[in-house]
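Given below, in the form of structure tokens, are the structures.
Across the two complexes that follow, chain A remains constant while its partner is chain B and subsequently chain C.
For the complex of A and B:
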């Protein structure tokens, strides 16, 4: 009960946000944070639920961003179509990349995906006729305005784009909840907890792992498309391995294998470096020390800790803590 | 039902199973006994598709299963209850049972769940508890029930007594006898030889990758070599 009240409060807060903090800077950060929440939620599916760490999420975000941008600039597709099609491009890329790489387990899988991200990055930098190389792709159009009578939604306006990304995030959350709560979700968690046993129970694990990998990559691709049409300009820089690590960090920080953890984690990975700007050159040191402290003292992540805390505050009797934040 | 013929298995260059043959007939309970390093678990891995034998064949229900991937073997009707109380620790007992029945995911599994709760009344009380928080004996029950949920033609138990309190081992023995009574074909791999011989109809004694002797459980318990090596007589 309290859980639903809190969820509603968060949604209401998110809707009211651009009217409460009207500064462009905050709205800009909120948009970036929500885009990263989508990436982190994707990483959570493969990392948190299936137990395979992928260090290629930013690379897949790049595939989504470039394919959507190129579809709208070069091929002349309407932006809406480009945004919706780009996750499928990412899915195809991740299907081809995932099929061989999911044959290896554990850390080796992580290393293969790391290499994958590097390959994507190198292609983005060097395939100059298509991607524009280091100098990037300028002039990416915003989604076409939606006109209903006198009422116009103009996505060049930051507020409107904010609501677009918020709606996209809500859609992604519903999708992920549906997957995680389904039998497929149960099987993914079974693979994380004991892959050999799942195989012995008759689960064709490779098929589920591949699904999980492709699904998570598609979410990253979708986020990439939203990013490209928001920034109007993309270069390879935000799609490097560093940013894949940020996605992993968001999942661990927020709470791996929980539905809301990655949202908390992604918000922090976007907000903290900004907040810490006052500390200037010490900012990365403070950031790093903070992360180490969280990982040591809250190994399950911030969200499970917050959930326990609120349960304590509201005095809800719930003997089964782990059940509540799945 | 299961026929293993002259199977040889190697890890890299090192051959550890040197031509083992045995058979399990329908409705039978057969024990595979022997000390550490005899190759018991290796043979099980080969049956379950985790290893490919370098020679020989494994035939189940008239068709070869040697070299099939693990999930295919499971779908043919072999359920494995691996050693060390393997379960899904962060799932409830009920979810563990549901996953055990994955092979039959299009059917209703309520009757089998009831059946398991009859067999293990303690699991009924614990059905919404995380499996990882149960005691060792209870976890072994979850592992056994999970394997049975698949309604297997053949159920393999790998060292169900390993690392479990002696008193609980007796319970497991009773459970195995009950399962046998249900008509399930069983391949039991055990180091607790006296227990295995009380449960099984027949036994094969494995040493250093070869079958050294075989016979009915009665014959095995009376065999002086088995007695001196395993039964402390």
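For the complex of A and C:
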């Protein structure tokens, strides 16, 4: 019960946010944070629920961003169509990439996906006639305004784009909840806990792993499209391996294999660099130390810890409230 | 054409020998502890910077500086193992991987603070160039090959012939049994980290002499190291040697004959090809045998 009240409170807070903090800077950060939440939620599906760490999420985000931008600039598609189609481009790319790499497990898989991200990055930098290389793609249009009578939703305005991304995040959350709670989701968690046993029980694990990989990549591609049409300019830089690592950190910090942990983690990975406004170099060192400390002392991540804490406060002992528990 | 081929083969072996040194450290650590030690490249760069610093400020020669840096690198490795990896040794492997990412950030940025942002080229004084039948052999590159070979042979003797090496192999083969036989696994872990880090530092120095020590080099180096591990098989020493040379040669051939911009893509395609057809790696046997 308390849980639903909390969820409603968070949603209400998110809707009220642009009216409470009217500074453009905070709204900008909130938009970026929500885009990263979508990426992190994607990483959570493959990493948290299936137990396979993919270091290619930023690369797939790049595929989504570039395909959506190119569809709207070069092919002249309406932006709405481009944003909705780009996850399918990402899905096809991840299907091709996932088939060979899912033949291996554990660290092998992580390293192969890392190489995959590097390949995507190299192509983005070097395929200059299409991607514009290092100098990037300027002039990406915002989604077309929606006019209902006298009322106009103009997506060039930050507030309006905020609500678009919020809606997209809500959609992604519903999708992920549906997948995780379905039979497929159960199989994915079975694979995480004991793949050999799942295989022995007659599950064709590779199909589920491939689905999980493609689904998580598609979410990253969707986030990439939202990012491209928000920034109006993209270059290869945000789609490098470093940012894939960021997505993994978001999942780990927040709590992997939980529905809300990645949201907390993604918000932190966007907010922390802004809060720690010391010199970039020192900030990253603090970041690294923080990471090591969290993993050693809070290995389940922040969200399960907070959930336990709140359960303690509200005196609930049944412990089946959050699916935080492995 | 034949001259070209031999020239590229030589260049590839030189680069490949450096990849081998990086991969050897990674593969021993993986074989013993099951850790993907992502910070290895940053440790290598730390050693490269340190060697440059010793040469410049202490006025001692290249080889004493390199030896000192390797000792310092070994110490750093032992500290990393004790402080960061040891506490998560019984946690899921992903935790150690995240620790490795955190360590990479810390060491990489500490390098920037300690040694500045400029790239440095380690001075060697090996400027002569030999030429045999139209193929050029720069003195420095020949020495790199020799140094790498000496280190690989020394490592093999250490692992195969000494008591400590035997303990390392025992832990790699069967950890619980090794513990029951009274092997101090903690000591073996520290030893392995020290040894691997010293090898990594050597690789960093060679990179610094051949190209440059600079911010951003380390991640490329460590990813190549992991690519070698996939080619050769995780935890396999012969695999790391063969895989490293193979990666170096295929990379220089790709650069020379196909495209320099896409050379890394070709290296990774090779890796994916190996995964498709021989996913256990080219030389996979039980770890560090």
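Here, the second predicted complex is superposed on the first by the 314 of 326 C-alpha atoms of A that agree within 3 Å, B and C clash if a C-alpha of one lies under 4 Å from a C-alpha of the other, contacts with A are read in each partner's own complex, and residues count from 1 in each chain.
Operating definition for what follows: contacts are C-beta pairs under 8 Å (C-beta built on N, C-alpha and C of every residue); 3 or more make two chains touch, one makes a residue touch a chain.
Treat the numbers as computed from the prediction; the structure is a model and nothing was measured.
Trainee: Is A:118 contacted by the first partner chain B, the second partner chain C, both or neither?
Mentor: In the superposition, A:118 touches chain C alone.
Trainee: For A:203, using the defined touch cut-off, is the partner it touches chain B, chain C, both, or neither? Pick first, second, both or neither.
Mentor: After superposition on chain A, A:203 lies in contact with chain B alone.
Trainee: When the two structures are overlaid on chain A, which partner does A:223 contact: first (chain B), second (chain C), both, or neither?
Mentor: A:223 contacts neither chain B nor chain C.
Trainee: Is A:45 in contact with chain B, with chain C, with both, or with neither (first, second, both, neither)?
Mentor: Neither partner.
Trainee: In the superposed arrangement, does A:56 touch chain B (first), chain C (second), both or neither?
Mentor: In the superposition, A:56 touches no partner, neither chain B nor chain C.
Trainee: Which partner reaches more residues of chain A, chain B or chain C?
Mentor: C
Trainee: A:186 in the overlay: touching chain B, chain C, both, or neither? Say first, second, both or neither.
Mentor: The answer is first: A:186 touches chain B but not chain C.
Trainee: Considering only touches as defined above, state whether A:194 meets chain B (first), chain C (second), both or neither.
Mentor: The first partner, chain B, only.
Trainee: Same chain A residues contacting chain B and chain C, which ones?
Mentor: Dual-contact residues (chain A): none.
Trainee: Quick one: in the complex, what on chain B touches chain A?
Mentor: Per the touch definition, chain B meets chain A at residues 48, 50, 69-71, 74-75, 79-80, 82, 86-92, 95, 98-100, 102-103, 105, 128-130, 146, 150.
Trainee: Applying the document's contact rule, which stretches of chain C touch chain A when the two form their complex?
Mentor: Counting only chain C, the residues touching chain A are 30, 34, 36, 84, 87-88, 91-95, 97-99, 101-106, 108-110, 112-113, 219, 223, 226-227, 229-230, 234, 261-262, 264-265, 268, 271-272, 275-276, 279.
Trainee: Would you tell me which residues of chain A are touching chain B in their complex?
Mentor: Touch residues, chain A against chain B: 183, 186-187, 189-190, 193-194, 196-205, 320, 322-323.
Trainee: What part of chain A is in contact with chain C in the complex they form?
Mentor: 47, 53, 100-101, 103-104, 106-108, 110-112, 114-116, 118-119, 122-123, 125-126, 241, 245, 248-249, 252, 256, 281-282, 284-285, 287-292, 295-296, 299
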